[in-house]
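Two complexes, one shared chain (chain A), two partners (chain B, chain C).
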Partner chain A sequence: MVRLHISDGFRSSMTWLHTWAGIGASCLLFMIFWMGSLSVFDSEIDQWMKPELRVTAPTEEFQYGPVFERLLEGEAHGATRMYISAPGKRDPLGYFFYRNKGGENVRGRFDPATLEEVEVTDSYAGTSFFYPFHYSLHIPQGIGYWVVGFCAMAMLVLMVSGIFIHRKIVADFFTFRPQKALRRSTLDLHNLSSLVALPLHILFPLTGLMIFATIYFPWSYNVVYGGDDAQLNRDAGRAGLEASGEPLNAKLDIDAIVGQALSRWQSAEPGVEHRADSVGLELAGDANAYVIVREVFPSRAVSMSKNVLSVSVATGAILAESNAGPAQSAYAWLSGAHYIQFDSRALRWLYFAGGLLGSVMIASGLMFWMQSRIRKGVIDPKSVRVVRGLAVGSVSGIILASGAYLVVNRMLPAEAAAFGLGRAGLEVSVFYLVWVLTYAHAALRGKTSWAEQSWAIGAVGIAAVFLNWVSTGDHLVATVSDRVWPIAGMDIVLIAGSAAAVWSALKLAQRQPTVQRPSKEQPEAFDQAAARAIAATEPAE
Partner chain B sequence: MGIFLKGRILTDRLSVVLDNRLYRVCLGIFGGYAFTAGFFAFVSVLLAQAGAARIEAFFWAILTSFLVYTAVVIWAVATAQPARVTGVLIGGALVMVLSSPFLATPTTGL
Partner chain C sequence: MPETVASIGLFLLAGLLAFFGASFLALSQDRNVHRVLGRSVQDKRVSMMRTTGWLLVFVSLIPCIARDGGSFAALLWPLLLAAASIATAMLLAYRPQWLTPIAKVGWKNHIGA
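Coming up: the complex of A and B.
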């Protein structure tokens, strides 16, 4: 029998690693977790920020053919490629994309009943601002992906080292002493929030890294294909043909191709109800034109669908088809567990809670480190100021900025434009402006900035609910009685978040003197982890 | 005698550098990345050689690589023998990066 021996040397190196990987990545990790948590409800945030989307989802089956026809005969005449996504339960309008004759990309939303384009509020909202923020930080040139990837790897290392640090992991799990000194209850909160959602804390960074594996290993991923990306695409069901230059002599019948794909999937998996979530037309008008039918999310499963089919328009022949084996199926489940587009609302709430717990874990870990350092006088007051400024701005600052983003969304008129920015650009500028100001505020105000920003978050949350009512007439009583859950849910979460922020502000005001008084308690057995954490990070000399 | 002494001092200095925690972290991050990048390519070509479909080999590499990277970082930081870990990571990375392209199965066409 092999006995796992965890030596003190190993544990102390893990403590050291946990501390420094934590300090290095925690500010960024908090931002990523916060934005990731918001992304769980990105479509609902879209509905809140773009009132035109507050319509009931269609119940009848969606037909792709008429949409392609209307667009190709109308404004998209001569388009070279076109993609249509069906409306869904969470997103009641359809989505279209095409590249017009001039090579420009055009995107928009359409009403599935009338097939007419719907003008929606000009905003990046949840799906184009919060959601990409959590995997790219909106840093251009692909740098953001690498920064997030580094943080995700740090998170995995933090989870492993964090588990090794704990001698009594179960006992730590059941220990929470909110009445103890702030530093000790912070550590308890850190342990509790880590352990209660431990599988999710590992799942989020690991699956996130897998989704972008081809970005992180740009050379490695297609060595097995001898560098042949086209073949990799074909194996994944995407035909990837080149234009022939000859005109197309066949009639485009989208619905027949979609029907062909559905019956093919149906016969492969008879018990499952299949649907085409997106249909793309490539090389439109060319003899090599082909249609890609994709099933992205089966409605009742976590796993993303592997079903992708490319069909030639001219001959009706199948050009490429995904044929998933065990590894691809495992990946489909894992990536589906990150994209979480399934129907289950309850499961989505679990993810939201998991994401917020992760945010609490990161913030409490950072605060524990700061409090230990300040108490022991290890860092000089100037550095305290800098570290605290970074922590406050990265934690309460980004929450406040997100709230301000919602508020300004409900305040700007439809045609707002200034400084060369459109409405959506102005909203984002307000987000960043508020965010930068929170760092400045924290640097100037020091310790009290935590409480002050908590008050501001409370005010902003209530203001957002009020402005939603004023600008759209959808107040909470109306949305609850009409069962408009996306909007009602947003308002309820905003009110609950405000209440939590005000509660924290009051608690912080109460707790203020406790921090300054040097602790006279003897270090107890359960505080050994804390003592070790501090000892391990101090210079040995 | 003089040369021997010089050599002793050099190896002593080297072991001080290798035992340094900053060195271990750098080894974990950069050596670990090189090793994992090699592993990704190597494990996928090996599986394809063993008869797996190439798309499956590709996904096997995706599923395993980040676990390997995590383990390697932990190893580099925790090890009592940093010189050995350096050798394994850098040597392994070189071997896998250089050999994988030659093991790739050629495209047979559609």
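Coming up: the complex of A and C.
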């Protein structure tokens, strides 16, 4: 049996590292994990929040030609650029975008069956609120990517240092004792949730950092391309031509070009079924007009596809083609594992559960630290209020705010606007307002705020299910019997979440409050206090 | 992956193998046997229980690969093992008596009076 001889000095320095990385990052990490878990079902959340999307995905092969024709001959006449994205299994309406004659960008959704535009509820919903929250915390100017990146690095440090601190990883692997004192069972839960999915808790921050690698390390591109963006674009399959000024004198046949791309990808990679996920027309009406065909979403592969092809409209020649080498293929698998755009219901639910497990790991670690410090009396009483306020607001607060976001979505009328905000902006404002209030509530109410916010989460979840029924008529019995799984799944998760919140509230109410033993000694050296706190709660046997 | 009877069946098979693997591994530890059966096992040799546990854990990889191929199995298998370990830990914590059949089967010749 392998036994790691870890000296007490090394273990205590790892404890110091784990504690401080945790203090710095755990609130933000919980938010990132919570929003990441929700983002697994971002398209389903979209369908719940924007009921116009609750249509069955089309089964026939989607044809791009008719959509381009209809737009170019109709409202988009004279447009210079146009992009169409095909409807998918989880996102049943197509996307269109064009830049019209006047230089304005127009975008919207269309029904693939009728090719008519569909007016969709004005909401950022899952894909435009929860998902960007996950990777940028909605901090603008690219700063958010760096903040999240530092948190991901902190998480890797936390995972490795945590392994070194844990004394009996094998013996305690399955240990969870909820009947014992709160600090003991919190630490048990923290250890359990960390260990059972250890490789995954390392994979996700790592692949998250890899996805943004070129933001953190732009030198890789600079060294290879030396600032030659045109060549970079061509190697990525984007032709990047300039307008010639001459008119186009060839017929635009989108479907033929798409067919050309598909057969090219099919012969390069025969075993897999290829699909054009988006088609763009650049420099429309000009002699240099070209079409970019992109495959993005895999159906039967973990890796995201890198297939991009630019074809000239006038000559049919291939202007640029993406070429994935071995490094990019490895990167595609790793980033695909993080993006989870593949078609696997089993994995999607397991990812959701895994994300929640990671959230439990972070929250339980934060709570254990807080309870230990408060018990030891090493935080002065005024600061306890602040620390607890931050912890409660960052954990139950953001969950409650997410529920409130769903509730307000079902309550606002279509044309709602106030304070210079549209309907989507109002929904987001309610999210942030409720969230800020949870911090204030936690700071004011102290220890009871956990249970109170858990009750509120229970209420909000049920309210959301009820409001969905009232506002759309798609109640759970109907959605299950009609097999509308995205909406049924949402309502089921909301009900299960409410039940879990109510159960937590009851358990929290039952708990004896931990006895406060104010420390009369001088505040100890930090690592000694930490080591003692952990040693004092080691399992007895 | 389209939901066919085969894909659901393979998923359940992988899940069950992972769960029994995790429970056997848990029940190869004295403290967990004590929690479930209320007494220690006579024979402290843990190799049989532990070996079977590891075997079941690794065999659960096979239906994962059969279902979706190696690329997906690399994600599905660790996730199923995590779920199985959580389930085992929760049973040990809240309903240890439900694991009695597994403990009895695994330790049948070694349980003392």
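In the analysis below, the second predicted complex is superposed on the first by the 498 of 541 C-alpha atoms of A that agree within 3 Å, B and C clash if a C-alpha of one lies under 4 Å from a C-alpha of the other, contacts with A are read in each partner's own complex, and residues count from 1 in each chain.
Everything that follows uses one rule, which is that a contact is a pair of C-beta atoms (placed from the backbone, for glycine too) under 8 Å apart; a residue touches a chain by one contact, two chains touch by 3 or more.
Owing to the predicted nature of the structure, the values given are computational and were not obtained by experimental measurement.
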If you stack the two complexes on chain A, which partner ends up touching A:L156: first (chain B), second (chain C), both, or neither? first
Kindly classify A:L209 by the partners it touches after superposition: chain B alone (first), chain C alone (second), both, or neither? first
Which partner chains sit in contact with A:A456 here, chain B, chain C, both or neither? Use first/second/both/neither. neither
Does the superposition put A:A353 against chain B (first), chain C (second), both, or neither? second
For A:R345, using the defined touch cut-off, is the partner it touches chain B, chain C, both, or neither? Pick first, second, both or neither. second
Under the stated touch criterion, which partner chain does A:A337 make contact with: chain B (first), chain C (second), both, or neither? second
Name the contact category of A:V196: first (chain B only), second (chain C only), both, or neither. second
Name the residues of chain A shared by its contacts with chain B and its contacts with chain C. none
Complex contact set, residues of chain A against chain C: 171, 173-179, 192-193, 195-197, 199-200, 300-303, 333, 337, 342-347, 350-351, 353-354, 357, 541
Can you tell me which positions in chain C touch chain A when the two form their complex? 1, 3, 7, 11, 22, 25-26, 29, 31-32, 68, 71-72, 74-76, 78-83, 85-86, 88-90, 92-94
Under the touch definition given earlier, write down the residues of chain B that touch chain A in their complex. 21, 25, 36-38, 40-41, 44-45, 47-48, 52-63, 65-67, 69-70, 73-74, 77-78, 80, 100-101, 104-107, 110
Flag every residue of chain A that touches chain B in the complex, lowest number first. 9-10, 13-14, 16-17, 20, 153, 156-157, 160-161, 206, 209-210, 213, 217, 219-226, 228, 231-232, 234-236, 322-323, 325-328, 330-331, 334
